[in-house]
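You will see two complexes here that share chain A, one where it goes with chain B and one where it goes with chain C.
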Partner chain A sequence: MVEILFFIAAIGAIAGAVGVVVLENPFYSVLSLVAHLLSLALLFLLLEAQFVAAVQVVVYAGAVMVLYVFVVSYVGGQNLPIRAVNSPSLRIAAPLFAFCLFVELMIATLGTGLSAISSEGPKLAANYGEPEQIGELLLTKFLLPFEVASFLLLIAAVGAVMLARRRRGLDEPEVPAPLGLLRPAGTGTMAESAGGGFFRKSTASASDDSTSTGRDLG
Partner chain B sequence: MSPILAVVGYAEPWWIAILKSVIIFAVALSMVPVVLIVERKLLGRFQGRYGPNRVGPMGMMQPLADIGKLITKAPFRPTTSIGFLFILAPAISMITAVAAFAIIPFGNVVDIAGTPVGLYGIDVGIGPLYLFAFGAVAFYGIMLGGWASGSKYSFLGSMRAAAQLISYEVAQGLSIVGVIITAGTLSLTEIVEAQEGMWYFIPQFVGLIVFMVASFAETNRTPFDLAEADAELVGGYNTEYGGSRFASYFFAEYLNVLIVSGIATTLFFGGWLLPFGIDPPTWVDPIVVLVKMFAFVFFFIWVRATLPRLRYDQLMSFGWKILLPIATLNTLITAIVVVAID
Partner chain C sequence: MLSTYLPALVFVALGAVVGGSFAVLNQVLGPAKSKLVATGDPYECGLPSEVKQGFRFGISFYLIAMLFILFDIEVVFLYPIAVELRAFGTFALLETIVFVVLLMVAFIYVWRRGALEWK
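The block that comes next holds the complex of A and B.
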């Protein structure tokens, strides 16, 4: 049972990761990444790390990927072809970095992971992977990294708010009134009958633009 | 036998687990039509009319007629839709709703014919996080449905749902942290047992209010049903759906209402416990939970009949500027009080 689930999750994770790179439509790439993250959550579950698995789903699939989906489905629907890389420096640097990453992963895997495969694995504590244990470790052994990471996130959040705030000194955004633009003058609105709109516009100068009519119509 | 994937509060043999999942699915499946007829009848009464009264005695067979109509309709899809996602999306909504229903505890471990059985689908050590994890996946059911329909109304509806769900999920998550701090455990059965002396809706009153408001938004119910606002968006993300696919969305939505009611019962209203120290036999426990759940369902319907829909910017500023600070303050004060009392 565990073996079957492991291979389902592993194949799902690899297929999802390959799909992110290979698929041309950005929306499908994002969905493929979601599938990849869900498979990773299943792998965490198989390692008895249920808290990490749940957080993986809630934070990555539930929050981060939602933003990706949001952006991609708003702006990514044009089916633009992926441009070939033109810059020669990128052509050399990209495979080089990929190779470096590959070597680094290989060193990490060969150095530690392979020796553990043939063993039984460590004995797990009774409540291994429970939130209590993780919380205790975060507030004792890993207190400094935990606090530094939370400060980093706080700074990022404050920075985002600062970037997105409405700046003083800029003009109010010009909002055209669609009804005023579409309606020809003198078609019998309440504003016209009350002495605004058409009559005022007819006496006003020719440069009077249609948005003012829109404001009159409210 | 030990469970394969994670530590759980209490694990039965595999055949009991399968039997339990079948029973829980049957209970969930048969509770949704009850909620449907209760909602339509009550809405009728709230609005000074009879409500459905033609099918069966007092119109009680109306949901069965509705479901029969929906599942016998021919499946269709718009030519602009994306086939496999269009079919997959309602299934995701349905699966996640049924899976989330599994953690609602209807009672503790009881002895049925000599075999100890826990009256819940699964008692996970991560408790409410399980619910949020499935809620996160359920979002893709709505999102993909709206996107794959290839219609502007569906797309706008799903986009609203996306923004609304991620905004209110934060407040909903923070609102129950107070309960978890007070109980000192994440396991839902242990949270219920910790309420033996006093139900948590008294010390965690603020948490309850924030949780209920956020739950209305999370389940897309009035006054937060912007995702399917029929006056603006025809039907929102399910505009292009019909037949049994629409029925799946419909089922998932009402099941989510039931789940939220069950979680509110468990976290704030003492689950299967009865007030004033009444200690009934264990077979009463599931009935107590069901009665409390239906009280919450009544509350959902009451609010739907009473309040008008919010505007979209009101929804967003309410979620981020009012609900979230209140929930954070509640968590902070609860933590200080719990540490001070210890």
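The block that comes next holds the complex of A and C.
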């Protein structure tokens, strides 16, 4: 049963990875990547890494792929079919680098795999790969990487906001008017009910004009 | 090992069957599609629609998805710690507080910059 599942997952992973490269439509490529990542989750499960498998499905196959779909939609999607770059230097360099990567992976897999193929495999603890063990390791051996990961997420959040602002996705933060702070929202003036105050109307119409050409549809 | 995953497998199989059957039954039971080209068009008369097929999303989608992933990963890190919280006691709690406070800084920054406002 384990062998059958391994071959299903391995074929699914390879077919998904090939599909990402071969398929013309970027959306189909993303869906193919989802199939690839789900197969990888099954492989993790067969390696007794239950927590990693669950995270693989939730974070990669779920959240990251949604982000990829948005990126494909944002960049243009079907209007821009992927075409190979016609460059003679790339034509030589790309297979060369692919071959180097292949050799490197073969050295890594064969070097460790061949010596272990006749053995029974590692002796695993009963709770191997479960959240308890990972939590214990995060609090003892990998305490510093755990805290650094938090800092890395902080940097990523700041970077995402900065990049979005650079693309004029977000306006400058509004400076609240002193009277607006005193008055609770919703208890509006007549000017508000007529379609916005004087200042707000002038800024809103200016930003609307600049973005309405392409953004309305989104 | 595999028998412990039987409930999960049943769950996945049920999901696949229900989802697949909805996709297939629609074609089997639904009314036959009209062969006329015009019925497939958005409007049978008047001006053609200006909505293009491959329109672009606004950057808000991208930004919200990106921030969602960041805080998703935060939860992924917190889950194993939460399981081990009783075993390690105050030390685990302090480390969790340091972890969460750093991400709270990110959250407040994102919030104050207006990145959570829908544009």
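Annotations
FYI, the second predicted complex is superposed on the first by the 147 of 218 C-alpha atoms of A that agree within 3 Å, B and C clash if a C-alpha of one lies under 4 Å from a C-alpha of the other, contacts with A are read in each partner's own complex, and residues count from 1 in each chain.
As a convention for this text, contacts are C-beta pairs under 8 Å (C-beta built on N, C-alpha and C of every residue); 3 or more make two chains touch, one makes a residue touch a chain.
As the structure is a computational prediction, the values presented were derived from the model and not from experiment.
Shared-chain residue A:Val2: touches chain B and chain C both.
In the superposition on chain A, contact is made by A:Tyr74 with both chain B and chain C. Of the two partner chains placed by superposition, chain B and chain C are both touched by A:Val66. In the superposed model, A:Phe97 lies in contact with neither chain B nor chain C.
Judged by the touch definition given at the top, the superposed model places A:Val34 against chain B, while chain C stays out of reach.
When the two complexes are overlaid on their common chain A, residue A:Ala156 makes contact with chain C while staying clear of chain B. Counting the residues of chain A touched by each of chain B and chain C gives the higher count for C. Looking at the shared chain after the overlay, A:Leu139 reaches chain C, while chain B stays out of its contact range.
Of the two partner chains placed by the overlay, only chain C lies in contact with A:Arg165; chain B stays clear of it.
Of the two partner chains placed by superposition, only chain B is touched by A:Val57; chain C is not. With the contact threshold set out at the top, residues 1-2, 5, 45, 48, 51, 55, 58, 63, 66-67, 70, 73-74, 131 of chain A are in contact with chain B in one structure and with chain C in the other. Residues 1-2, 5, 51-63, 65-70, 72-74, 76-77, 79-84, 87-88, 91-92, 95, 98-100, 102-103, 105-107, 109-110, 112-115, 117, 119 of chain C touch chain A in their complex. Those residues of chain B whose C-beta lies close enough to touch chain A in the complex are 4-7, 124-126, 129-130, 132-133, 135-137, 139-140, 143-144, 147, 155, 159, 162-163, 165-166, 169, 186. In the complex of the two chains, the chain A residues touching chain C come out as 1-2, 5, 45, 48, 51, 55, 58-59, 63-64, 66-67, 70-71, 73-79, 131-132, 134-136, 138-139, 143, 146-147, 149-151, 153-154, 156-158, 160-161, 164-165, 167, 169-171, 173-174, 214-215, 217-218. Interface of chain A with chain B (complex): residues 1-2, 5, 27, 31, 34, 38, 41, 45-46, 48, 50-51, 53-55, 57-58, 61-63, 66-67, 69-70, 73-74, 126-131.
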